[in-house]
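As written, the chains take the letters A, B, C and D, and residue 1 is the first residue of each chain.
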Amino acid sequence: MIHFECDYACGAHPAVLKALVESNSEQHCGYSEDERCDIARAIIREQCACPEAAVHFVVGGTQANLLVVEAGLRSFEGVLCADTGHINVHETGAVEATGHKVLPLPSRDGKIAAHQVREAVLLHREDPSFEHIVRPAMVYISHPTEIGTLYTRQELTDLSETCHELGLTLFVDGARLGYGLAADPTVDLPFLSRVCDAFTIGGTKCGLLFGEAIVIPGEAYRDCFRYRIKQRGAMLAKGRLLGVQFEALMKDGLYVEASRTANDQAQRIKRAFVEKGFPLLCDTQANQIFLVLPNSAVEALQEKYVITYWGKVDEGHAAVRLVTSVCTPEADVQALLGHIAALPA
Amino acid sequence: MIHFECDYACGAHPAVLKALVESNSEQHCGYSEDERCDIARAIIREQCACPEAAVHFVVGGTQANLLVVEAGLRSFEGVLCADTGHINVHETGAVEATGHKVLPLPSRDGKIAAHQVREAVLLHREDPSFEHIVRPAMVYISHPTEIGTLYTRQELTDLSETCHELGLTLFVDGARLGYGLAADPTVDLPFLSRVCDAFTIGGTKCGLLFGEAIVIPGEAYRDCFRYRIKQRGAMLAKGRLLGVQFEALMKDGLYVEASRTANDQAQRIKRAFVEKGFPLLCDTQANQIFLVLPNSAVEALQEKYVITYWGKVDEGHAAVRLVTSVCTPEADVQALLGHIAALPA
Amino acid sequence: MIHFECDYACGAHPAVLKALVESNSEQHCGYSEDERCDIARAIIREQCACPEAAVHFVVGGTQANLLVVEAGLRSFEGVLCADTGHINVHETGAVEATGHKVLPLPSRDGKIAAHQVREAVLLHREDPSFEHIVRPAMVYISHPTEIGTLYTRQELTDLSETCHELGLTLFVDGARLGYGLAADPTVDLPFLSRVCDAFTIGGTKCGLLFGEAIVIPGEAYRDCFRYRIKQRGAMLAKGRLLGVQFEALMKDGLYVEASRTANDQAQRIKRAFVEKGFPLLCDTQANQIFLVLPNSAVEALQEKYVITYWGKVDEGHAAVRLVTSVCTPEADVQALLGHIAALPA
Amino acid sequence: MIHFECDYACGAHPAVLKALVESNSEQHCGYSEDERCDIARAIIREQCACPEAAVHFVVGGTQANLLVVEAGLRSFEGVLCADTGHINVHETGAVEATGHKVLPLPSRDGKIAAHQVREAVLLHREDPSFEHIVRPAMVYISHPTEIGTLYTRQELTDLSETCHELGLTLFVDGARLGYGLAADPTVDLPFLSRVCDAFTIGGTKCGLLFGEAIVIPGEAYRDCFRYRIKQRGAMLAKGRLLGVQFEALMKDGLYVEASRTANDQAQRIKRAFVEKGFPLLCDTQANQIFLVLPNSAVEALQEKYVITYWGKVDEGHAAVRLVTSVCTPEADVQALLGHIAALPA
C-alpha cells in the first residue's frame, strides 16, 4: 500500500538521516544542553531574525502544545481556539489534564478571527459573574490549520494586535509550518516572531524522524521553561538528536524548499481530481487536500492507497483527505495521478 | 572530552542505527499501530514468556513512569518508593503534576524492603484518620536502582507477595534493565513478568536513540492505556521508530549481551580504582560505579573525562559516579584504565 | 432593596435555624461521622426508598459537582452536559481543574436528550482516532435546569437507559431539586434513585444556610468517596451542622412543601408579568422566571428590587431573571406584584 | 461522653450564634460580596494594622491551605514544610491534587528553622540537575503547630527574612491562631502581617460554626484570588455567613479573650496531670496538651471522655492528646480535673 493519509508515514528526509548517522558516535551531554542543539538554536534564531528568542526542542506536537499552554495560563485561565483546533479535538484532553479549560470558538475554514477573540474576552469581562467563568488569557491557532488552510498575514496581524491590546498571548501551532511557509512566503519566520508570543516549527510532519522546535520570541512563557519540559516527560535524554535533525532540516533553506515540493505534489493531485470533476471540500494551498468523492471512487483508491476517510457526505459520497510530505516519493505521486486519471468521472 | 558521566552520551548501538537506516523509506501508519511495532511486541512477549502481556512503547523514562503511576492510582492514592527513587527526586514532580503524592520510604543501598511496605500500609489502615491521609496503593522500585544496586530475586519475590497480599500493585522501573539482566540472570524477563504488575525495558540507556517498553503482564493498569499515552503527549507520531529499534535491540539476545559488555567495562574500571586503594561509595555489579576520590584525583580525571560529581565527602574528598553503556568504545575504557593507573594513590 | 435575583439571598428556613440553635451545645465527633448526620442520612435513604444508598454531605454545589465528576471518570474520560450546564459555564473550570474535559452538547430549553448522548458516544467509538479523543463516560444534567426548566420522567428514563446501555453513568445536579420535586411530583426521590448513578439534594438554595446531599444509590462512584471529599477541601470539620440542617429540612415533608410555596410565589409573579403583556424568555414551572422587558420596566424594577440582568434582547429590551426561594417573605412578593401592576404595559 | 479530643466538637460561641440568628432574615448578595463581609474585612484589616490587606473568607482549613499554596506556586514549584505539617500528612494530598509537590523538612517540636529553608534552597540551586528537581518556592508553617507548640517572634522573623532573601514566600497556617495569639502576645496580627505573605485566622477551631480568614498583606498571591476560590469549590453562596461570624468573633477582642480562656483550661488540665506525675510528650502553652499515660489511665479516662490516642509509647503506656476550645464548658473542665485527681498515680 502507498500512504497518502498523513504526513508521518515515512522516516526522515535523507539529509536528516545522514546527519543522524554521521553524528551517531559523537558524545554529548544530555537533555539538549549540547553544542549540536546550540547550533540548531542559533540557526533558528537567525532565520527568525530574533537573536533573543528562546528555542526549545521537544519530541512531539502534543507535548509542545501542552507545555506552551500550561506555561501561559494561571490555574483559572483558559485558552481560546477554533472548535476544530487540535488541542480541542485530537489530544485526548491533554490541556485539560494540566487543569485548564479549552475555550472553543466557532471556526470558518478552520480559522478564527480577531473579532471573535475580542467578543469572547469582552463577554467575560462584562459578565457580573466573571469570577465564576474561566478567564480567557491566551489564543491558540494552527498555521496551516487542521484542515489545511492558511491564515493571511493580515489575519495574523489582527489576531496579534487584538490579543496584545486585551492582555492575551498568541500561540501558533506550526506542526505543518514548513508547508505554510512554502505556500505563502508573506507569513515567514521573522513575521511570526514579531506577531506571536510563541510558535512551533514542526519537524515530525516535515521531514524529521521526530521533533518540534518551540520558539519564544519575547518574555511570555519564557521563565523556567525547561523545568516544565522535564516535568511533563518531554525532555529527551539524548537531546542532541533534536539539534542534529533541526540543523540538517533548517540550514540552506531545506525546510521550505522540501515543503514546497510536497505542496506541489499535493496541488497536482488536487488538480487531477478537480479536472475529473470531483469537488473540493475546501480549497487549500499546502500539502493537505480535502475532496468529496463517490463511494465507488473511494473504494477504488483504497485498493492501492491509504487515504483518510474524513466523513460521510451523503448516501453516495464521502469526504476524504490526501496528504503529501517532504518524504513522499515522486513515483508514488505519478502512480496516483495515473490512478485518478483512470477513475470513472 | 570522553564521557563517562551517564549512559546516554552516545547515539545508538550500530545494529539499532542500521535498522533505522534500512527502514527509513518504509511507509507505515502512525502511533505504533504498525507491523514493525507488532514484531517488536511479539519478541518482547516471547522473551517474557508472557504471551498475553500488553507492551507499549514510549520515548522516555519519565513518560513511562508517570503513565504507569497515574494508570495505577485513583486521585486520592499515592505510590510508595525509595526516598532516592527517580520519581521522588529527579522528575521535577512529574507524578505530582498528575495529582498524586509520592510516598517516600527510607532506603538502604537505594532499595526498600517488603516489611517497609507492610508497615506503611498498616500504619495507614490503622490510623483512625485514614481518610485524611493519602492511601498507599502502589509500589515503585528501580532495578537496577538509581545508585546501581540490584534487588535479589528473593527481595523482589517478597515485595511482590507483600504488595499483592495487601492489595497494592508493583511497578519496576527498568530504565537500566539490560545492565541488571546481565549482572544477575536470576532476575530475568519471565521472572519480572510474574512478580510485577508492570515493568519497563529501558532502551535509551541501553543502546537505543530513545525508547522505553512498558510491559504489563496482567490486568492492572491495562485498560485504555493508549488513551493515557496520547493524553500525556507520549504517543510518537512515527511510532514505528520504536518498533524498529526495539526489534533490533531485543532479538538474538543483543540487549543482554551488549549490556554485559558495558558491565564488564564498568567492573574493570571499578577494580582499577579499588586496586589503587580508592574506596567505593557502595559496591555495584552493573554499569554504574560510585567512588570516593581525593579532590586532586577528581580534578585530574576531569581534565580529560566527563564524570558525575555525586557530592562532597569531606574537605579533601568527593564522591563521583562513572557510567559505561552499550555504546562505550573499548578504546575509551582503555584510555581511562591507563589514566587511573597513573593517578597518585 | 428587596432581592429576587437568586435563591441564596436570605439565611435559613426558621425550622433549620431553630435546629442549629438547639443543637449548638451538643458535642459530636467531627467530619460528618456523628449521630446527627446518621439520622439525616437515614431520613434521606428512607425518602429515596433506597436503604443501601450512600449519602454524603458537603457545603456547596461546585464541591458536589467536582467530587462526583472526578469520582466517575478516569483521567482520559470526560463528562457530557448541556452547553448551558453549570459545570460548563459557571464553576470557573472546576472540573477541568481536576484534569477532565467537559464535553458540551447543544441544549434546548437548558436540556439535552438521550439521542444526543447516543450520537456523541457513537461518534467517538466509530472514529478511527478514538484514542486521540476524550472518551465520554458520564452524563451531567441539572434538574431543574439552569434556566428553570424540568426534565420529564420520560426524558430522564430515556437518558438513564441510554447511559447505562452505553456504559456511561448519569449524574443529576439537584441544586434546586426541591423546586423540581414540588413542580413535578412524578420525578420524585425514589425515581431519581432508580435512574441516576448519583444526584444531589440541594440545600443551599432551598432553605439551608448551606449544604448539599450527594446521594449515590448504586455502586458507581461509591468506593472511598470520603477520601475524595477530604482531598478536595470539602469535608466540614463540624460536620454535624450538615446533619442537623438536613434533618430539619427533610423531615415531615418540609423540603417539598416549602419549595412549593416558593414555586407558587414565582408563578404568581410570572402571571402578573404575562398579564401585563410582557413575554417570557422561556416558560418555567418552578422558582425561576425569565422575562423579556422593556428597558424602562427593568429600570423601574431596579429602583426597589435586585433582579438578574440576563442579557440584551434588542435596543429597547432586556431579558431578566427573577427568583423566589424557601425564604422569600410573602410581603416581598405582594410588594412586587403591586409594583408590576403599576408598570406601564 | 465529654469531648476533649479536638477543638471542633461543639457548635459556635454564643456571640457568634447570636449574630447568625439576628441576621438570618437579612437579604444580601452572594459570594461574600456583601456589606457584612465588608465589615468583617475592615475589622480584620484594622486589627492587622494593614489597611491594604486582601482578606478572603472560606469555609475550611484545607481549602485555605490548598488555595494559598496553589496561588503561590508555578506548576514545577513546591512548598517546603515540616514533615509533621498538616498539608503533608492530614489533607489526603490536597496540595498534590493541585499538581504540586510538598517538600517536607525534618521538624523539631513540630517546627522548622530558617537555616533548614536556606539549606534546602541552596541544595536545589547548586545541583547541576536543578531543572530535574522540584523548585522550592514557598514555605508553609503552622502557628500554633500541629503539636501545639509556638514559633517565637524571632523564629518567625528569621524564617521571613530567609524566605524573602531567597525569593520564597512565607505562608502561616493559623487554624488555631487565636490560641497562639493568646499564649504569646508578641506574635500578634500586625507582626504576622509584616512577616508573612499570607496567613489564616482560624475560625472553625476558635468559636465559629465554620470559617477561615485568609489574610494577604502584600502583593504575593493576591491577583485574581477569587477566581481560585470559586474554581476549587470554596466560594460559599451565602457568603455573608462568614462575614457575620467573623465580625462577631473579631470585634471587641473576643477572639483572643475567648481563646485565652481555653488556653487556661488546657493549662490547668496539663498541670493536674503533671502534678499526678504523668510526663508530657512535649510541653505546650496553648489549647492542646500531649501526655504520656499508663494504659490503665487512658482506659479510665475513656469511660467518660473522648480523647485522642496519639500513639503507643511502650507496652504499658500511650501518648494522648487533650484539647480545649472556645466552646469548652467550664463544668466539663471541672469534671475532668476531678477525674484526674482520682486517677491512681
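Just so it is clear, contacts are C-beta pairs under 8 Å (C-beta built on N, C-alpha and C of every residue); 3 or more make two chains touch, one makes a residue touch a chain.
Note that the structure is predicted; figures quoted are calculated from it, not measured.
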| item | value |
| --- | --- |
| Selected pair, greater C-beta contact count between A-B and B-C | A-B |
| Centroid-based (C-alpha) most distant chain relative to chain B | C |
| Gap in Å, rounded to a whole number, between the CA centres of chain D and chain B | 42 |
| Length of the line joining the C-alpha centres of chain A and chain B, rounded to whole Å | 33 |
| Centroid spacing, where centroids are CA-atom means, of chain B and chain C in whole angstrom | 50 |
| Residue list for chain A, restricted to those that touch at least two other chains | 75-76, 91-93, 97-99, 131-132, 227, 230-231 |
| Chain A to chain D touching residues, read off their complex | 31, 70, 74-76, 98-99, 131-132, 135, 224, 226-228, 230-231 |
| Chain A residues within the chain C interface of the complex | 75-76, 78, 89-93, 96-102, 128-129, 131-134, 309 |
| Touch list for chain C against partner chain D, complex | 1-3, 5-6, 8-12, 14, 17, 20-21, 23-30, 59-63, 66, 91-94, 97-98, 204-205, 209-210, 227, 230-238, 241, 306, 327, 329 |
